[in-house]
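Consider the two complexes below, in which subunit A is the common component and subunit B and subunit C are the respective partners.
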Partner chain A sequence: MQPSAHSGLAVAATPAQLAVVDAALARLRDLPGALLPIFHAIQDELGFVPTDSLPRIAEALNLSRAEVHGVLTFYHDFRTSPPAPTVVKLCRAEACQAVGCRSLEAHLHQAHGAAMGSTTHCGALTLEPVYCLGNCALGPSALVDGKLVARLTTQRLDAIVAAAKQKAAAPGGRS
Partner chain B sequence: MYSNKVLDHGTKAQESATQVTLQIDGSNVTVPAGTSLMRAAVDKGVKIPKLCATDSLDAFGSCRLCIVEVEGRRGFPASCTTPCENGMKVKTQSKKLAELRRGVMELYISDHPLDCLTCPANGNCELQDMAGVTGLREVRYGYDGENHLTGEKDTSNPYFTFDATKCIVCSRCVRACEEIQGTFALTVQGRGFDSKIAPGPTDFMSSECVSCGACVQACPTATLMEKSIYDQGQPDHAVVTTCAYCGVGCAFRAEMKGNEVVRMVPHKDGKANHGHSCVKGRFAFGYATHKDRLKTPMIRRKITDPWQEVSWEEAFAYAASEIQRIQKQYGRTSVGGITSSRCTNEETFLVQKLVRAAFGNNNVDTCARVCHSPTGYGLKQTLGESAGTQDFDSVDHTDCIIVIGANPTDGHPVFASRMKRRLRGRPGTEGAGLIVIDPRRIDLVRTPHVEAEFHLQLKPGANVAVLNALAHVIVTEGLAKEDYIAQRCDVGEYAKWRTFIALPKNSPEALENDTGVPAAQIRGAARLFASAPNGAIYYGLGVTEHSQGSTTVMAIANLAMVTGNIGRTGVGVNPLRGQNNVQGSCDMGSFPHELPGYRHVSDASTRALFQAAWGRPIDSEPGLRIPNMFDAAVDGSFKALYVQGEDIAQSDPDTQHVQKALEALECLIVQDIFLNETAKYAHVLLPGSSFLEKDGTFTNAERRISPVRKVMPPLAGLADWEVTVAFAAALGYQMPYSHPSEIMDEIARLTPTFTGVSYAKLDKLGSIQWPCNAGAPDGTPVMHENEFVRGKGRFFITEFLATEERTSRKFPLILTTGRILSQYNVGAQTRRTENKVWHDQDVLEIHPHDAELRGIKHGELVALHSRKGDTALRAVVTERMQPGVVYTTFHHPESGVNVVTTENSDWATNCPEYKVTAVQVTAHAKKSEWQKDYESFSSSQEGFLPGTATRGETN
Partner chain C sequence: MTVTVYVPRDSAALSVGADLVAEAIAAHAAATKQSVRIVRNGSRGMLWLEPLVEVETATGRIAYGPVQAEDVKALFDSGFLHGQPHALCHGKTESIPYFQKQTRLVFARIGVIDPLDTAAYQAHGGLIGLQKALALAPMAIVDEVIASGLRGRGGAGFPAGIKWKTTLGVNDSQKYIACNADEGDSGTFSDRMGIEGDPYALLEGMAIAGIAVGATQGYIYLRSEYPDAKAVLLEAIARARASGWLGSNVLGSGKSFDVHVRIGAGAYICGEETAMLESLEGKRGVVRSKPPLPAISGLWGKPTVVNNVMTLMSVPWILAHGGAAYAAHGIGRSKGTLPFQLAGNIQRGGLVEVPFGCTLNQLIHDFGGGTASGRKVRAVQVGGPLGAYLPASKLDLPLDYETFAQAGGMVGHGGIVVFDDTVDMAEQARYAMEFCKIESCGKCTPCRIGSTRGVEVVDRIRSGDRREESTALLRDLCSTMTHASLCAMGGLTPMPVLSALDHFPEDFRKG
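Presenting the complex of A and B:
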């Protein structure tokens, strides 16, 4: 099954997180089709869209909470719970599959406990799928915290996990 | 879903001046342009398989079952989304189509629980039907793949269940919630194989769902299913009848097994509701068989005595002997009656006939006294007829709507959905403009996809000031429709009114202090309304229940006339009537000064007509109004009262005065389905019958007379009309009717606006909007089309006078009252249904500022004091309110809201000023003395009922 935004456990938002939501609403609510830009703005800052923010978003845009929920859950890119400090989006499109991305996925699961859509045992890295990064000639590819990496191997993945652990242990934790 | 015996055309009917002709399966069919192939086929008697289409919704084209072949075109278009074109040749059946459809069904069924025999939809399931129609015989994929068969049922709503395992995600429910109800409470969550219908990130009960039933109605499977079907199984027959709740008057199919109602389903052909419903009519009918129903007549000498069960004959004999004794002792006018706005036209007609002919006086009144009497007065004076000018469908053609003193989404939900649809507009078209005039921020001010251009949040009591200011702007800015006025209205009166309204004192700026509304907003709203091609005004009790209620109604009529907005579709003055038959009870001569058809009792020719028909003299003097009856009872000149189906002890203002009056009566005869608050003061209890137990008619807010049909025998043996007939006979006055249709025939004979009405015509047409007579044999959807009923429309000068009920240091806040969606009026019916889960007590809404000032916290019990009395309610702190104004409802008797309201009333009609009471609210309350007295009185009265008698005696 595909991971989806609603599969994560909802986490109560902090006042600071809701302030981020309110700021995004104040900035973007008057755009035509403001809902997606608002989701993006919130996720860019918080790493996820808190479920608690849905009534605020709905109220600001004069939509129902159900509609906002429907749009949020439609897009796999949006999360409703915070990810680990490092997010790896591993390409699962045809070209990357042809050069072994499935075995990389299996490696992350077996060696580090991160099934697709979940977080490593150490809590440092969340693995998500993506379908084609336009980098097919250099696959398998992934986005590591938004940065494109190519020609992935199990060794390089282990290094990414190690770096993620360091980052998680560093003061401030998540970027 | 509808019973599969009800024909589904698949897509909506289209209106078009152009007709197109095409061939379907070899035969020609002609339909209006824009009609779908699917609907055209159904017109021809050809059913095309379908799942995601139903004729209440826009075509969607997702299920791929309704594919057809069109000659000369590639592929297999969906017949629901393909419009008919001239010369098309369509095949609905072919080998290829059959294969494709079977393949689609195979996929659906590969992920569906195969428990048809134990499924609640068994025997009435569109999915089952389609499996049959497509000839599905095997599922080659097996059933072991990924599926949705392990989902949990959501049973949180008290009336229906959501079982995701049966869902085919056709989205009919989501679209029904959006297109029909306009709440947008459902969505498709996730995507692809994960797609699931969800009421947001929560269960149904905690969601935005208002339990209108539109989703349940639209569901083609058992996914959204009434719990009553789970419990009782599928119905086997249905009777079309009319809902007994609000003034919308929705038509319903009572779906039955034997004489047991299994469910109430909105009737697609109902002209008031077009197949839509609300939580009350759709689901809250269980009160009709509630254990509290009175089933035996009872009498007692004193209200401190226990009740004694007697036969009907004994009850009538006792009641009649008391009336006769009292009239002998205190005079002919010492007795009276109150007709019910919940009973049928026929029953109401009989009660006023009994009072006028058998009691021999005009002491008859109705609960319209306390709700819409100013409507009757104000519209009669200005336009010439005491009724709204439009049908509900008219709202589809409106360009700007004013809603004043009404809360349609709570009070008239089915019409509100219609209005919201017009406010949203069709895809690609503009919706109508909206101006809300209300002290409280009602839902309509801002609700998903609807937002008022202006919310004139006035101070309670300032309606006339706001309406005058709006008219002032229109007149002084040259926005008046002078041509229309010159042609349709009394120009002399207009000139006088014009001079008055143009006075500087009526400008929005001058009135700003009184209205509390910024002048610029009023100017903006006036321009918006006056510049709309079609402007319509909808109003409710927030207009009438004021000391200037009648003035406000006349100001509304003035505003409609000055903008040329009466006499065609899309415009008009539309009172939203509270109870199911308020319009009817008024039409039927329930007022002390008017015989049926609003003809004054002082008119000798009208009296002569009735005297000849009824064989008794009719008093030429108007009788007592309800508040006069109370005053006269307290004074000792009024001694006996016959009340049919109204709970004056709970619904009328200044409860303690009402209680005193009722205690002073020597004989109170109450006819009701429950031991209501009034019945606790009664000497004779005559069990009433619910709307399911009798034949008759109700007349809704659009003057629509709709049939009420008996689906089960009266629980107590007699229908209400039979009770009145027998009571009259005991008084020595014979009214020998064998069926309510004969009563309607008499009404038609005696009332010029009803001469064309008969049960036969109602059966033929479904419903009729009066006037229905030689000039309008099929009724009148829109009134005053060529000229006003009174000839020329008359402008009245509407001087704003502030109410005498003012805030003071002692009572610094204004209390205003209203309704909520789940409860109805005094709550006697809805409190005895599962609707209580939404509103188990009345609460006091208060602005955060006022709450903070008083140290009041959300949810705590607070005391509410006025010069009339005290009560205690739980506080709800909300910004819906403006500072200085608090709000509550009166659905629960123990709330004692009317202990607080005052004796102030409308200058013309005595309609009580429920909407303005100066109050104080204080924190840390206990129950008030009145509430404690009420509890002990009420429990001792309940103990007096047989069966609880032992408890009563030990008290």
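Presenting the complex of A and C:
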């Protein structure tokens, strides 16, 4: 198995996941510069890009496996293992630093066990770094499952972690 | 009578609850049987007042903000639908000094109309530039842009018209317009607000560029960090095609121009134009050596105009009003206006479009009201993560490309990030190296290895390990990165590092 681009073990893809990959390939393979759109389409549905789907992507696009793997691992966005049901992308960049994002990062680590790029002790929330969300006048900012949130505090982060736990516990919560 | 109420859909407004406010207004109006039409506009850029709700009255639009869903009942009770006073009322939006003191050319429509409303776009001056361009010869369009003095807003400040002229001069059956919407610089959000607030202006600017240089295809490379902008943009493209503004017969001219969107994947270096082209082609975002210039051999080897969102969004105004009218604003060789972005520790953060030549002090204090914390301004970073840190004593410089460069700074994309006196500048220097290490494309050693060494050396200085020797080593390393890097990622990372060291040496002697 290929080494993982993201922390965590690469997981063998299920037939259902490979069907998602094949559907994305069928839909997008003829686009100019199709590889990134294909990775995005797969990750949008599965939360990650299974490494054992890379051979079929390579074949469909007539690229070498090494090239496909090289592109996947070049970009910070793409994961090769599934994230927790809730993903928080916390801004680490300067405007958010100026209003205290470093202490938020430290809080998530100390109080919830999530260092950047890893998942909380409870397994409900994956924390990822992001460098600016274009919300630099209202920081600290984060994307919580794709939704932009502003003026974060440790209390609000605690509430986000609590909501993530509920979501993970609810039926259908992916994990 | 139906009252029109504006609640922004800009993502900054959404991040502080604008959707909930819109829902609460709709629900309260329904419950009390009042007829309200809610328009989801862009943002006026007074971000500390978001969600900024406006009510249309006979005397103009009246502003209320920041409004939370809990405030809605009280607003109705005090008669806000008739523009009546309330603690959150700021009077007429356009009389708020922050707004009134601006010169809004590029942002003229933003926050005023529903960004996706094609009729409102035309009612507010949209398409005039494109219509004029369609009646001109290609070189006459380019001449108008040259006359405007418009320079690239992505950072480098290269004259847009000269770039277009190069591509126009190349003979090829396929050319491209590539819009750089990667907006990677921290502390900047004008591209995002432009796309979310006036997407047709970007499409119009790209179409004008295409018609000028003979390109029939446009690509927008939009960063993945902007999901709301993506949604607006895709919808705008669909509607522009349906309206005949894009496609095989642009405004009935028989000319063809269409636009496609590609989403980035979290790599800062993909804002560098050649790395962006690689990424658009579906490859790793590794910087290309120049020459060849993209204007001659760019996307898939074809002549390609690469321009920033703000550059392209300035073009419709220039064609509509003439290059000379644009060049009448600004100072020296910095013509026109720049939408500055006030960010970080600032009381009144937001977007301020003013002519070049105003000072940082005016922006930070007169517009911005100083720090949000109420403490002293200690350092200001201008121009993104590769921009210098300036001390409070250097904020009187006029902001234009040349003056700023002479003072060791960079206007860049116009982002201004304010820090108060709790900042540790050695920590900021470390971060600059760390960021370069994370985002380096890996093509050249000074950047790839230098940034890793840079982090280690700053750590040694901060821990007091052979401090003099380590500081000398850091300067050496910066000099190598400056002179031997292929692109500005490695080449300019020393700017924040050395400016921190030069202006705030005491922070490197602690511990």
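A few notes on this one:
The rule is simple: the second predicted complex is superposed on the first by the 167 of 175 C-alpha atoms of A that agree within 3 Å, B and C clash if a C-alpha of one lies under 4 Å from a C-alpha of the other, contacts with A are read in each partner's own complex, and residues count from 1 in each chain.
Convention: contacts are C-beta pairs under 8 Å (C-beta built on N, C-alpha and C of every residue); 3 or more make two chains touch, one makes a residue touch a chain.
Predicted model only: the values in this text are computed from it and were never measured.
In the overlay built on the shared chain, the residue A:P37 is in contact with subunit C alone; subunit B does not reach it.
By the touch criterion defined above, A:A159 lies against neither subunit B nor subunit C after alignment on the C-alpha atoms of chain A.
For subunit A, the partner touching the most residues, choosing from subunit B and subunit C, is C. Once the two complexes are overlaid on the shared chain, A:L148 sits against subunit C while remaining clear of subunit B.
Legend: residue contacts after superposition of the two complexes on their common chain; A:D77 is shown touching subunit C, with no touch to subunit B.
In the superposition on chain A, A:Q97 makes contact with subunit C only, while subunit B stays out of contact range. Once chain A of one complex is fitted onto chain A of the other, the partner contacts of A:A23 are absent, as it touches neither subunit B nor subunit C. In the superposition on chain A, A:A66 makes contact with subunit B only, not with subunit C. Legend: residue contacts after superposition of the two complexes on their common chain; A:T51 is shown touching subunit B, with no touch to subunit C.
Judged by the touch definition given at the top, the superposed model places A:G134 against subunit C, while subunit B stays out of reach.
In the superposition on the C-alpha atoms of chain A, the part of subunit A touched by subunit B in one complex and by subunit C in the other spans residues 67, 70, 74, 76. On the subunit B side of its complex with subunit A, the touching residues are 146, 183-194, 198-201, 207-208, 446-451. Residues 11-12, 14-16, 47-48, 50, 183-189, 191-193, 224-229, 262-268, 279-286, 300, 341-346, 349-350, 372, 381, 385, 415, 417-420, 423, 428, 431, 435, 438-439 of subunit C are the ones touching subunit A in the complex.
Against subunit B, the residues of subunit A that register as touching in their complex are 1-2, 4, 6, 10, 51, 54, 58, 62-70, 73-74, 76, 80. For subunit A in complex with subunit C, the residues that touch the partner chain are 32-37, 39-40, 61, 67, 70-71, 74-78, 89, 93-99, 130-139, 141, 143, 146-151.
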